[in-house]
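Both of the next two complexes hold subunit A, though its partner changes from subunit B to subunit C.
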Partner chain A sequence: MANIAAGRIQRELREVMNSDEAIKNQIKIEFPIDDYSELQGEIIGPPETPYQGGRFKLHIKVPETYPFNPPQVKFVTKIWHPNISSVTGAICLDILKDQWAAAMTLRTVLLSLQALLADAEPDDPQDAVVAKQYKDDHDEYIRTAKHWTTVYAGGNTKNQELEQKVKQIVEMGFEETCAREALSSSCWDVAKAIENLMS
Partner chain B sequence: MKVKVKSWTAVATWRWIANDDNCGICRTAFDGCCPDCKMPGDDCPLVWGQCSHVFHMHCILKWLNSQQVHQLCPMCRQEWKFKE
Partner chain C sequence: MSRGTQERVRSNASKTMGIKLDGGINAISLNKDATQVVAAGRQVFKIFHIEEMGFRERIDLRVGRMNLNYSCNDVAWHPSKDELIATGATNGAVITWDLNKPQGNKMDQVFSDHKRTVHKVSFHPKEWYMLFSGSNDGSMKFFDLRSNKCETTYGNGQSECIRDVQCSPHQYFILAATLDNGHIQFWDYRVPDKVLLDFPGHNGPAFNLDWHPEESKWIATCGRDKIIKIWRWEGHGNVLEPEYTIYAIASVNHIKWRPEKKYHIASCSGVVDHTICVWDVRRSYMPFAVFEEHKDIVTGIAWRQDPHVFLSGSKDSMLFQHKFKDAKRPAESANPVGVSMSIYDDVCHAFNKSSARTSMQSQQNYASTNFPMRFRRTPEVSEQYERYESSLLVHEQKEVKFSESFIKSAKRYILTGKPFPELCEHNAQVAMDLGRHQIAQTWRMLRLFYCTDTASATPPVYTNKGIPPTEANDSDKDISAPQFALNHLPSHHDFLNPTASSAIDSTGVTDDNESIVSDSEHDHPSYGAPMRGKRRHRSHDGAVDFYFPLGEGEEEEEEEEEEEGGVFGRYGDEMQEWNDYAGLPTEAFGQRHEIQDRPPSPDRLQDRIRPESPVVPLLDLEPTAMTMNSQLFPSARSLNQTPSKQLPELQLSIKFTPIVVNMLSDYAEQGDVQMAVSAFIVLDSKIRNEISSEIQEQWFMSYIDLLSRFKLWCVSNQVIKLSKHPAIEILNQQSTTIYTKCNRCNQTLEKLSWVCCQKNRQSFTNPCSICHLPVKGLYAWCQGCSHGGHLEHIREWLKTNQYCPTGCGHQCEYT
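Let's look at the complex of A and B:
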């Protein structure tokens, strides 16, 4: 790893670990590999959002050219959000693309992602299905996002009705993740979800 | 008692006067040099922008060279212009 990138990442890791947010257990960074090029981040879902109570893991890849180019970040934990792909975890956020500036840090990136969870941009979507639901049927979006937070991110708002619908489709021989994705995309209409899975 | 100075050695210290402690690009202290240099001093100078933000010259040049469209200050995103 280039001199400047490695030195900066080491300082930034210290900055994140000593930050107020880390002390309050709201953000976290770990580095499983010693060369600091691949990091694992974690943020908690902001209060009073459908992501409250969830812990979301992130994969962070630091390029050789850091900090002149942004880190590549994606969600490892599955999440239902207009600006995050429900399939791949890819994120649509300007500061991770053309609005990156060298003065930004891993800490500000994690805080920006938390802010994105609290304030989606449905007009600049990464996941068009979620964005459409967000705009056309907001209650349904909140119900689905809460359910995903509980199932994948350790949230604690169990929804028996939705679980029952997933189970119903799984019993037909479909994989659970696929069943949940199909139901989420069709506003929990079982017949429509099955139709999507068959096509 | 009369003292006669036979020889003397002057020692001086210096530091940059910047409105920040660390370079916002490489995050090292201004009292040190950028990560590509060995010794702080005139060989690794600081430069100021008209927006009042300050960086190691080597760091801000790398940043500006990496920007294809607009040349913006990494701190405040105003157009970067070197302060005369």
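Let's look at the complex of A and C:
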């Protein structure tokens, strides 16, 4: 890794670890010794959002050309969010693309992602299905997002009804993840979800 | 105003006329129908009727006991009430005068709210009771003439003196002011605690402003920076860009729009220039009309509601009425041809087509391109101009450009840091590479004149067979070519001692070759007279060596060297070979400056001296050599055994340096100031005292100017540094302070430029925006957003990004 990138990452890791947010356990970063190019980040879901209570893991890949190019970040934890792919975890956030600025650090990136969770931008979606739901049926979106947070990110708002529906489809022989995705995409309409899965 | 009145005004104003008052006028003002004028000054305060044949005094307002209240700095006649006049006094009083008062003192109200001189009083154009004033104490005040007291003070906290205040005739609540620091302010007079817009309009004090009488958004301002600027103010924030800019020849004190002519504005200056100029704002370099009646600076201009007549008051105590038809029109006598040269030797030529039919012949060296002249004139120009068709030609030189060799020389010349001979040799080489033979020759010549080691660089033990050492080669090469030139000077042969003939035989072949070379060199047209003189002198030197018995080893060597030098010295063809020799390590023969202290061989010196007596025609050229010996070989003189030889030496030593000085002057006069300055720097103390300080300054200034035109900043700085001339060195001492601010919190950094003390928390500031490390060395700093960092990093970043690396949104530009 280029000299400048390595130096910077080390300092930024220190910055993250010494930051107020890290002390309050809101953000966290882990890295293998001697390799700063592949990092594991973690953020908590911001309060008063469907993601509250969840801990979301991130995969951060720091390019050779850092800080001239942004780090590549994606969600490892599955999440239901208009700007994050529910399948791959890819993030659509301007500062990770063309609006990247060299003055930004890992800490600001993590905080930006937290802010993204709190304030989605459905008009510039990564996941069109979620975005459509976000706009057309916001309550359904919140219910789904909460459910996903609970299931994948360790949230604590259990929703028996949705669990039941997932179980119903899983019993038909489908993978649980696929079942949940299908159900989420079809607004928890079991029949429609099955149709989707079959096709 | 009735039409009848206007007609009368026009007929009245039929001639230019003037009246002499008791003292200098500071300001004038006209009454509402422009039939009377009030002129005010320190010793004068009178009202005149303007009549057909002259001014008739109506009232002298200076009556009663005199005090400073009568010393008027500004006067304003009320725009609607004919009996009301306001003045601003030098003691800070604002006074109103009621002309309807019966008899005696007409003074009405005295407002003593200002602490210092009042520069300006002005009435609101629509509301009769509103009087505004601007003062030296930095405040503007609004006086209500109904309650007769100061109602509002604007900008109380300011320290800058207010020069002018004027209400907009179009926007009811708007007030504009100019300040001593060049700022222009817009106020809403109902909001005294907040300025609408405050921006720097002028460099130095902004003296005057004038709202355009018709164009509601235009406002003109002027200042000591000799510029009149026309701004368009849309009524809301932001810094304005001037719509038009007029460059006057001196500081502009007053401006006044010409009524009924949208683009015309009258101006008068505060120093030097006693004329009143009327400008067309679209033609910013030449006044449209000039009035030259006054003998001292003009302090007031007032148009008589008629674009063809105006009044002016001046410090010369004269009150004049000017008629437009009596004005001078500089544009009519101006030569409609312009020529300009760029630093890259291109010539630009603009001319009026009708007059230029004949002038387009002789341009062998230049390729010309015809550009349509778009920016000059548009067809709808006002009726004063005839329609012209103009052309703009740009000629580009086809041949090798002077600028190229100039730039290359400037970059490659070494002016310091090495022993003198090496500098000369390097620079000669540079000149040679660029094909400037004369310059190269001059460098070598300088080296020979002033260098002690021409002889001593030759190693004492030295066989004829060996390859000559570098230095000997270098120096003797110079000798060689001129030496053979003596073939063309038959008289030299006469001096040749028979003992030398064998030596000539041995070098016979090269001799022939060289004579060809020297032939061609002699024919070279570019050789200046002084040059040739010196070269001949050298050649004589060569002859001297033949002249003496070969018993002295050094002569032999020198001869040999000359031969060798001759072989390698054919400048054009053998250059490369010679280069190789020049590249040899110089250390092989020890440091030159060490050698300098060693007394050179006395024999050689004598050799050079002796032949002079017989060579009468060359005597005047000899001193060069003589002085060299006597100046730089002080010990040599003591070694001279024969006292008789010292005499001519002493006499002649006076004449040496002047030749070099003349030569440098000659270069400078020919336009090659680069050579003059470079040689001067290299020679430094050797000729510093011989050239007058003014000439030095002139040379340095022009060289530095040239360098900066070619953007050779580093070279230019080096030259400044090496100039050792107080007037030049001071250039490097100007504006050396850099004020820094924290690029996070925008606070000025006071003590340390890298610690921001904001919020009582010291923190490191202004790191490199890319790598977040402190910058040691070059910091590339964006002047727009104050972010930056390591030069390399910023450059790299801006290769792929348009915007500031901090993401502040500023579009930084790396140039």
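Assume the second predicted complex is superposed on the first by the 198 of 199 C-alpha atoms of A that agree within 3 Å, B and C clash if a C-alpha of one lies under 4 Å from a C-alpha of the other, contacts with A are read in each partner's own complex, and residues count from 1 in each chain.
Quick note on the criterion: a residue touches a chain if its C-beta (ideal position, glycine included) is under 8 Å from a C-beta of that chain, and two chains touch if they have at least 3 such contacts.
This one's a predicted model, so the numbers in the text were calculated from it and none came from an experiment.
Upon superposition of the two complexes on subunit A, a steric clash is found between subunit B and subunit C.
Once the two complexes are overlaid on the shared chain, A:Ala103 sits against subunit B and subunit C alike. Contacts of A:Ala115 after superposition on the shared chain: neither subunit B nor subunit C is touched.
In the superposition on chain A, A:Ile95 contacts subunit C only, with no contact to subunit B.
Once chain A of one complex is fitted onto chain A of the other, the partner contacts of A:Phe68 extend to both subunit B and subunit C. Looking at the shared chain after the overlay, A:Gly7 reaches both subunit B and subunit C.
Overlap of the subunit B and subunit C contact sets on subunit A: residues 4, 7-8, 11-12, 67-68, 101-105.
Touching subunit B in their complex are the following residues of subunit A: 3-4, 7-8, 11-12, 65, 67-69, 98, 101-105. Listing the residues of subunit B that touch subunit A in their complex gives 24-28, 34-36, 59, 62-63, 66, 69, 72-75, 77. Touching subunit C in their complex are the following residues of subunit A: 4, 7-8, 11-12, 67-68, 95, 99-105. If you check the complex, the residues on subunit C that touch subunit A are 769-773, 787, 793, 796-797, 800, 803-808.
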